[in-house]
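Read from first to last, the chains carry the letters A, B, C, D, E and F; within each, the first residue is number 1.
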Amino acid sequence: MTSMLLDAVTLMLIGMATVFCFLLVLTGCVSLLTRMAPEQASPAKQPQSAGNSPNSAHMAAIASAVAQYRKSRHSN
Amino acid sequence: MQWGMLLMIAVGALLIYLAIRHKFEPLLLLPIGFGAILTNIPLAGMSDAGGMLYYIYEVGISTGVFPLLIFLGVGAMTDFSAVLGNPKMFILGAAAQFGIFATLIGAIALNWVPGMSFTLEQAAAIAIIGGADGPTAIYLSSQLAPELLGAIAVAAYSYMALVPVIQPPIMRLLTSKAERQIKMEQLKPVSKKAKILFPLMVLILTALLLPTATPLVGMLCLGNLLRESGVVERLSNAAQNEIINVVTIFLGLAVGAQLSATSFLNVQTLGILLLGAVAFVIGTAAGVLMAKLMNVLSKDPINPLLGAAGVSAVPMAARVVNKEGLAANPQNFLLMHAMGPNVAGVLGSAVAAGILLALVG
Amino acid sequence: MQWGMLLMIAVGALLIYLAIRHKFEPLLLLPIGFGAILTNIPLAGMSDAGGMLYYIYEVGISTGVFPLLIFLGVGAMTDFSAVLGNPKMFILGAAAQFGIFATLIGAIALNWVPGMSFTLEQAAAIAIIGGADGPTAIYLSSQLAPELLGAIAVAAYSYMALVPVIQPPIMRLLTSKAERQIKMEQLKPVSKKAKILFPLMVLILTALLLPTATPLVGMLCLGNLLRESGVVERLSNAAQNEIINVVTIFLGLAVGAQLSATSFLNVQTLGILLLGAVAFVIGTAAGVLMAKLMNVLSKDPINPLLGAAGVSAVPMAARVVNKEGLAANPQNFLLMHAMGPNVAGVLGSAVAAGILLALVG
Amino acid sequence: MTSMLLDAVTLMLIGMATVFCFLLVLTGCVSLLTRMAPEQASPAKQPQSAGNSPNSAHMAAIASAVAQYRKSRHSN
Amino acid sequence: MQWGMLLMIAVGALLIYLAIRHKFEPLLLLPIGFGAILTNIPLAGMSDAGGMLYYIYEVGISTGVFPLLIFLGVGAMTDFSAVLGNPKMFILGAAAQFGIFATLIGAIALNWVPGMSFTLEQAAAIAIIGGADGPTAIYLSSQLAPELLGAIAVAAYSYMALVPVIQPPIMRLLTSKAERQIKMEQLKPVSKKAKILFPLMVLILTALLLPTATPLVGMLCLGNLLRESGVVERLSNAAQNEIINVVTIFLGLAVGAQLSATSFLNVQTLGILLLGAVAFVIGTAAGVLMAKLMNVLSKDPINPLLGAAGVSAVPMAARVVNKEGLAANPQNFLLMHAMGPNVAGVLGSAVAAGILLALVG
Amino acid sequence: MTSMLLDAVTLMLIGMATVFCFLLVLTGCVSLLTRMAPEQASPAKQPQSAGNSPNSAHMAAIASAVAQYRKSRHSN
């Protein structure tokens, strides 16, 4: 019982140490990464963020198709 | 026996009620509640060998495949921009995992209470409730303590639904109004390349530092890579929709099927429910206190409320942070900033699960 | 042997022809026909151990999982408002099940014919054709008489497609024009709460009265609860689309794979086809006669045509009722009223299947 | 053979009795249910029926979101 | 050992890089690359008995089910109009399969090289790379030489992605500019009935002439029948979307999991990569030469470039043909005509796989 | 080794013969088929091809959106 409690305390110490170590290393790596691959000009951003949520991109494409189609129709 | 079954059917009905009426994590608690009812209908035998729930459990839960597929979908649905734009948030996602390990000690300590008895494996499986992440909890308890799976999953999802009730008092207790009013700086924009490299980097780190976390973290990273790569939209959509929806139904049913009277109606379940609440409270407090510490040490101001989002419970905890921030200052929108520790917390608890698997499993 | 295979390939081609050209239940009969062709190609071995059709059968049919998943999808696609708005319609859904039990006697009586020989299990599996519900028939025969599965499924789906041919003469024979002109009162609107509680109530009743019907009824109720709860739209859509579509392809192929020459080209199949037709005729007649009786006893007028919809065959039978009603009076729209006994018939035959499983299985 | 026929007849009697019993009880319960949870005012009905055809609900939601967004934008 | 794993992780990363950056068959190479990384993480054990990748491989690859399901989806996505409107194109789809059988001889001849050693089964599995069709290659090597599956799949998909690099020089070498400028006559329109009967006709021919090709050809035909029948759009969509997307993720992961250091880092892999390139070159040349011969013999002019599309690699090879045609004459649009030999090549290599299964398996 | 090479050459001969035989027979059958089931009036064709390939309809919508978008961009 007491030995199990000791095991548990050891687990906690190793566990929190590992979690912190892992996420601290990750913090460093990510800082490096974002510095080495910085976000460029703003026009590049627009299509990308759309690309991330594919359904909305889809909707947008269709919506724009419809819009353009109507426009072209009215202009004819 | 019959009375136990009746009581378990009532438990199932309660879960369904909470899911529908109070929107308590309905995607999981509705199938879990239904599975609990089905498994407790006498003579129906749906969880006996040859029954449908038996097959689903054997195929998806005892192999660990279903929670891993959910993680694939979660990865494909998660946008890590918020934490990439402010990597310090990872530290909050780490701090909140203290809830897990403190609860592990608590579970062992409960063995002093007469009638309570948890092995180290069981204690670890219970502790992971503090990770506030359903699939992680199901995966770990399927590997370490399948006999407690039902109770652990119910506790995990219930407390995740109760995050708006559990967290605010702790957040307010540990912070001053001035702290809650702190405004965060604008998040740095993140390049597409960084977003693509991030899941691969996480995978490599996992391989180097904690290989036993590979299944969970790997599936999360695969899902996120499908999403961010931009070249496999079909697969990303499949992971976010077809796979996660279908697996959620089956996972819920199979977890519910573990809620038999003998395995749920005992003093251990009381212990699990108690420990789960403790885990959420300690995790929240640890996150907030770490944020306060960082606020002292860092040159950029950090709103301590953000620490509470580190327990994960995506996206509920981030919304709670936002609401508390607005309560302190109606112009203080913290939602996007809180998504950082929030998704960091998902990674944090997957890492914690890997540690427990390595040392206890 | 070769000739038998050739003949079975012709049978498969016929089923595909009927599916495409005459739209005979194409969702099922096309894959069944294709499966029949595949399984009868000599040396291809697709249904032998290690072949794809073998795996699909073992995983989905002999476990009973595929028909249950179809039931999940059917539940998610079914709107029970029509029968909730006029609960007397349940009685028509009960009466039409007389087709099942009368056919059971008929199958046993056929044993007097030299060369015919049906066990009680086989007779029960054949009789369920009268339930006019594909997944119920496949589920029951996979449990009671897998050797007849192919013929029973083919008969069930074929007669369901033939409902517009089989039912009208019986309906006209048993009713006067005046009866067919009877207009129904407006259906009562049904509250959302009632719709949510209905599947749970059915499940509880099943648990109390007929636990062996739990798998079928339970999956139907789960699907319906996903639909009506309004909080798990993702899961409801998955059940109605992804799950049911994918399972339909595999179910059809695996059922078709049971159409081997030895199991289909025999006198038993003739008996099954004969008994199936009898079952539909008797079920229809029983439904219509019960509706006439209710019309006499009840204070609200009931159009006897509605009884024919009680065999289920959703939504074909309801459409037939509507058409016959319009033929008698061009202003008499019965479609919505006929959906009541129609969906009641699905429940009725699932209950009947539960009884047969309990007493014969 | 005759005994099997007897079995079949017994099955029919028990079977039809059970089916009727089950569905009659259900009829009663449903009557009770619809009386205890009656349909309320009509405005509540609209969103519910939309909820039944989820895709159209989706479309409607998006459409209304767009509409609201535009309105709010124009008013500012 | 550790070094081998590290190298294999680098191979996986390279595949992911090619998939994302250069769009090398990303739908397959991204999951394959990720699977390669996962399987080579020491101590993670994802491909060991009980690991997720192990289960996926056992369920989907060693049974042959996943490639067959991909073929179902491919059939549902393929429009055979182009080849039905000009059936001579089937001959080009046949000629290009010479790449397969020439490579078979090459693989055996490589046994003279010290350290290289291929059995006839392995040679056949390698040769099918020349079919330029991923699922066919995976299916055949899962049946004949599972130990080479990873390398064969990687080679097949890599060379398919490299078709725009490999084919043009050969096409230009073997044709004159005048030949490349040849315009094709308008394709004949094809009736709906012909499109529906085509997959059934192919299936019957397969049953008569080459039953061992039934699984592959049968699934392709079923998918195409679902598509063209027009009565089962739900199922056709399920085959084209849900099924193929979900299976692609799992297939890729499980194939990648075969890329362990011991099975990939050896001289055999070098031989496979070399032979794969040879197969593509010979197949392309055979197609072009056959088209030149047909141009001489036939009264209708045939652009010899079309022969290159006979290797399949749908739709990349057809696009290459179109591009080369436009380079010779900016008015010469060959895309629709090239789709003919392109889809004929899919059938051709499935037939070739059937032959190899019959004679070598 | 030489015997394996012989096997391989035999395989090649049988293989190519079978492939050609199969596809030549298919060529003949398809010619027969298209002659026996010729394409009729053109109006029937439009809706069918659209209904059969849902993705291509999708693609077409998107393609047209892109095309319109580019056009509008260049014209501006």
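In this section, a contact is a pair of C-beta atoms (placed from the backbone, for glycine too) under 8 Å apart; a residue touches a chain by one contact, two chains touch by 3 or more.
To keep track of the chains, here are their UniProt names: A, D, F = Oxaloacetate decarboxylase gamma chain; B, C, E = Oxaloacetate decarboxylase beta chain.
All values reported here derive from a predicted model rather than from experimental measurement.
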| item | value |
| --- | --- |
| Neighbouring chains shared between subunit A and subunit B, ordered by label | none |
| Distance-maximising chain from subunit A - centres being C-alpha averages | C |
| Proportion of interface numbers common to subunit B and subunit C (over half same, under half different) | different |
| Contact-richer chain pair (by C-beta pairs counted) among C-D and B-E | C-D |
| Centre-to-centre distance between subunit E and subunit A (centres being mean Cα positions), rounded to whole Å | 34 |
| Subunit B and subunit E: spacing of chain centres that average the CA atoms, whole Å | 42 |
| Subunit D and subunit E: spacing of chain centres that average the CA atoms, whole Å | 49 |
| Subunit F, residues touching no fewer than two other chains | none |
| Contacts with 2+ other chains: residues of subunit B | 230, 237, 242 |
| Subunit B - residues contacting subunit C, complex | 9, 13, 16, 19-20, 23, 26-27, 30-31, 34, 37-38, 41-44, 46, 50-52, 55, 241-242, 245-246, 248-249, 253 |
| Subunit B residues within the subunit A interface of the complex | 79, 83-85, 87-88, 90-91, 93-95, 97-98, 100-102, 104-105, 107-109, 111-112, 120, 123-124, 188-194, 197-198, 201-202, 205, 209-210, 227-228, 230, 233, 236-237, 344, 347-348, 351-352, 355-356, 359-360 |
| Residue numbers on subunit D that touch subunit C, as the complex places them | 1, 4-5, 7-9, 11-12, 14-16, 18-31, 33-34, 37-40, 44-45, 48, 51-52, 54-55, 57 |
| Residues of subunit B defined as touching subunit E within the complex | 63-65, 68, 72, 196, 200, 203-204, 206-207, 211-212, 214-215, 218-219, 222, 225-226, 229-232, 234-235, 237-239, 242-243 |
